[in-house]
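Just so it is clear, A, B, C and D label the chains in written order, and each chain counts residues from 1 on its own.
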Amino acid sequence: MKQCSAQVRELEEVREGFYYLALEEPYLAATALPGQFLHLRVTTTFDPLLRRPFSVAGTSPQTGIVRLFFRRLGTGTKLLSCLRRGDPLDCLGPLGSPFMPAGKSPAVLLAGGTGIAPLLFLAEKLGGTGDEVYLFYGAATAASLLPVERFLPSGPRLFYVTADGSAGETGLLTDAFRRALEKGLVPGELFACGPRPFLAILAEENRRWGYPLQVSLEENMACGLGACQGCAVLLQKDGKRTYARVCREGPVFCDAEVVW
Amino acid sequence: MPSLKVKLGLLELESPLLTASGTFGFGEEYAPLMAMEGLGALITKTITLEPRLGNPSPRMVETPAGMLNAIGLQNPGLENFIKIELPRLHSWTVPLIVSIAGETEEEYVTLARALEGQSGIAALELNLSCPNVKKGGILFGMDAALLESLVGMVRAAWSGPLIAKLTPNVTAIEELARAAARGGAQIISAINTLRGMVIDITARRPLLGNLAGGLSGPAIRPVAVKMVYDIYAATSMPVIGVGGIMNTDDALQFVLAGAAAVAVGTANFVEPRTIPRIAAGLREYLAENGLHSLQELVGAAHNSGQRTEDS
Amino acid sequence: MPSLKVKLGLLELESPLLTASGTFGFGEEYAPLMAMEGLGALITKTITLEPRLGNPSPRMVETPAGMLNAIGLQNPGLENFIKIELPRLHSWTVPLIVSIAGETEEEYVTLARALEGQSGIAALELNLSCPNVKKGGILFGMDAALLESLVGMVRAAWSGPLIAKLTPNVTAIEELARAAARGGAQIISAINTLRGMVIDITARRPLLGNLAGGLSGPAIRPVAVKMVYDIYAATSMPVIGVGGIMNTDDALQFVLAGAAAVAVGTANFVEPRTIPRIAAGLREYLAENGLHSLQELVGAAHNSGQRTEDS
Amino acid sequence: MKQCSAQVRELEEVREGFYYLALEEPYLAATALPGQFLHLRVTTTFDPLLRRPFSVAGTSPQTGIVRLFFRRLGTGTKLLSCLRRGDPLDCLGPLGSPFMPAGKSPAVLLAGGTGIAPLLFLAEKLGGTGDEVYLFYGAATAASLLPVERFLPSGPRLFYVTADGSAGETGLLTDAFRRALEKGLVPGELFACGPRPFLAILAEENRRWGYPLQVSLEENMACGLGACQGCAVLLQKDGKRTYARVCREGPVFCDAEVVW
């Protein structure tokens, strides 16, 4: 983990309000693992004050490129969206504990919204064929689905799910996944990232299913380094409750240890 | 090269730049990022007698030029601190200041006595932003009599330098500083966070799990500078200035207002190299101005004739 | 269309959006820029018995997400106010709230009595961030007994709605709100500015001519929201929330915390159309959420079970 | 006076740290007078919070162009220096009370540093030949002198003054002006803008000379509109001291009424 100045190589609004950002920084490209994140300083003034965390969505160690996807939500992401090619960007990273695939095939990846970012990276790293990796990717409408194929030319079998049916299957991501299970899909292990309510439902259902499930969580962050205890999430381990830090012990947790 | 050495009563430091309690963990998080260059002492996060789980999440939210936190003094407790954290902290080659808090006078005293027995602790800092459970939850730092008696009791249990860290949520902080002096503290640390709240307008409830929290960062700097100025004018104690220090200019404001040393908090989260940068900046400032030591500047802003009035 | 009407005790307003004292002049400056759309009432800058020259310059300086001012209550005095400003102010077709301050109880009473005789004044706001010269300069708003007695004396001289504007520079603002209620105020305005200071590191002295000043703007918003929340919980008085309101979301935070109306101060300097914009924003929010009136939201953030603790 | 959204038409770093900014806004271009200023919102975040005042340095009413010059000093001017052609800029203006030339020839304009901005505009408006308008323009070194001829092709007789002699006369602006007086220059009226110490010396000397002298002052500003009383400057009129607002009664004052 290091503090480094990355250079903006590409910034593209791939869908309205959704951006693809390619940074050049050899150290980050060489060391980042799926599930880890970068903590970005989006301005040099004091509003917004704090860094912003973004999952690494892919790397090209040969060219020193790190890829991110972000959604323009508030002040920080708005500033990011105004960056230009060649601009420097102050990054801390890679931070956090990555996904830990056990190699049980097939791996099923469940991505809700911008939760796609770390799972794209994971799919890339898992490699393998469409029989070994499944990616379920849900969003509200087709307009907010990122063009995943562009960034992941080969690899997982891809299922789009939209709430309004404007692309792929209609309904919730969890519904689509449940239907796939009913149709005979037998996951080796699950990896999920997305809105907390989605993850909570998944974890709830998984108490019956019992698949190995790793989830990536979000919390407001200050330091991103484990120093401030600001990003705490409540865990239950051996019947005892403790707080863990999303930026350090997380963002990836085992579903069973999270108090949902 | 101009010297950054400072003397806070009996506490002598190579540099006036400290880490504010609770913002540097127990140090190990920043170790990979920071050369120790410029760090005068490390103030630990506050420890309590028993381990504390901390507050429910969310524990922090950003505010304009600031942040609001309600960590709830999450810490491993005295025993684990001594067994696990203290040996690790000694790998930092700078003086160590341990911050403590309790819910009763007795808890503070027990903590002080246990730490008195440990080697390698340069000073104790009393976090006074803690509710006194026996007095209906009023903070120790809000009542002069309570504060004086608490400091006196700790004084009897701890023989080294004693720092009283004041809360800004009071009518006249200089009165509390005087009370700390009467109780036997030798150094004042000011300020802790300002009480604040953010409402989640979607959920229509306070955003933090703990409802309210403490405001820190550049937003509060003018409030902290004024309080350091007032304490400097009212007492003869050395002051550690804390509150919104982001860069060399901010640190100089505190020194000119009367701080003999400064602690950096929230800035560590934004820019981990803040302390080494300020150290370099201060050296440059001294050299450019033909000064030999930062001490020459402490309180220099008091040399103007006018009175402070409320606006 | 959802209604923005509010009732603050006897004071009924078409909109909950007021101009904070001292930030809108006597109104004429903003007239060319602002349609009156959305303005509920105009609070004048504070007037005193005698004309006041004000403080030496510089009188203001920017701080992170805030500003520090020490205007020194520059104003033309009661007589000129009645003769010159009041007739001009009546050209604004919104209710007029006059802010007053004095150095003694008697000065407040004289002001109140003189204004009682004037028509077209909807309410009086007592600026309590003023030093009591007879009590060694302690602010009226810092001592509950002083405050209660002052409010009681003004109450006897003024028959209309009476607003007590509290200073945040106190240990427990809800105690002062209770004192104001006992004295006979019907409405609380919170908060005035936080004490602060900026040091000029080149001149090595406080930057403001008055040395210290009052901090306002978004930087202080979390502090103000918390105080409004506490006052709402402690009293049954309607509260006017003030402090760092820049946009609709900020205004909603205050309303949810317990403010029946809000006053916009520093934001007027940054964006003169802040009030009309918030008015539109509030209407939109109500419509989107199927609410008929803003009043339904006042204090809604108090409906969660948890206790507030200090962090 | 209005609040308007101007469009950036040109932004050029004419000297290191000194910028020329051309804005398109027909109303401002049609109404601004020399000595008046615009109050610019330099960001949409809250740091920096307040608007920043800049003197109008020229207008082209036909094309709707308003010209400004600014020096990059702190956060606000740094943000301004990053604007791009086509960006919108929120302006309040024109604000303040302009210079009031009485038509006494020759008019002598004395500009220190960025004080050149309003005096360029005044020179432009005064028109006239080099015998009627003199412009003394001082700076620390040649490197911080703006290329005035570029923006004022014809018009005043121009005297550069630099502290180090790297361009024009060596010494202080006031020294150069004093030498010109000694050589026989007889001003009809004086207009000055620049650092306060320079203006104070000038006003002091003018107590002997007794020329009509108008000075443009600066103070920290919040509203720029006359509402906050933040920009007060102490005046003395008929033996009585009062504060006047730089943004309203000023920025132009008569030298004799200012308490220096």
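Throughout what follows, contacts are C-beta pairs under 8 Å (C-beta built on N, C-alpha and C of every residue); 3 or more make two chains touch, one makes a residue touch a chain.
In this text, all values refer to a predicted model and were calculated from it rather than measured experimentally.
Peer 1: Using the contact definition stated above, find the chains touching both chain A and chain C.
Peer 2: B, D
Peer 1: By CA centroid distance, what chain is farthest from chain B?
Peer 2: Following the centroid criterion, the farthest chain would be D.
Peer 1: Per the centroid of Cα atoms for each chain, what is the distance between chain B and chain D, given in Å?
Peer 2: Each chain reduced to its C-alpha mean, chain B and chain D end up 46 Å apart.
Peer 1: Between chain C and chain D, what is the separation of their C-alpha centroids in Å?
Peer 2: Those two chain centres are 37 Å apart.
Peer 1: Averaged over CA atoms, how far is the centre of chain B from the centre of chain C? Could you give it in whole Å?
Peer 2: Centres of chain B and chain C (C-alpha means) sit 32 Å apart.
Peer 1: Determine the centre-to-centre distance between chain A and chain D, using the mean Cα coordinates as centres, and give it in whole Å.
Peer 2: Inter-chain centre distance comes to 54 Å.
Peer 1: Indicate the residues of chain A shared as contacts by at least two other chains.
Peer 2: Touching at least two other chains: 46-48.
Peer 1: Residues touching two or more other chains, restricted to chain B: which are they?
Peer 2: 55, 64-66, 69, 71, 217-219
Peer 1: Connecting every touching chain pair, does the picture come out as line, ring, star, complete or other?
Peer 2: complete
Peer 1: Considering the complex alone, what residue numbers of chain A touch chain C?
Peer 2: 46-47
Peer 1: If we count contacts the way the header does, which residues on chain D are in touch with chain A in the complex?
Peer 2: By the definition above, chain D touches chain A via 43, 45-48, 75, 79.
Peer 1: Contact residues on chain A for chain B in the complex?
Peer 2: 1-3, 41, 46-51, 92, 219-234, 241-243, 248
Peer 1: Looking at the complex, which residues from chain B come into contact with chain C?
Peer 2: Its residues touching chain C are 55, 63-66, 68-73, 129-131, 137, 139, 142, 169-171, 193-199, 201, 204-206, 209-215, 217-223, 225-226, 229, 244, 249, 252-253, 256-257, 297, 300-301, 303-304, 306-311.
Peer 1: In their shared complex, at which residues does chain B touch chain A?
Peer 2: Of all residues in chain B, those touching chain A are 22-25, 29-30, 32-33, 45, 53-62, 64-67, 69, 71, 74, 217-219, 246, 266, 268-273.
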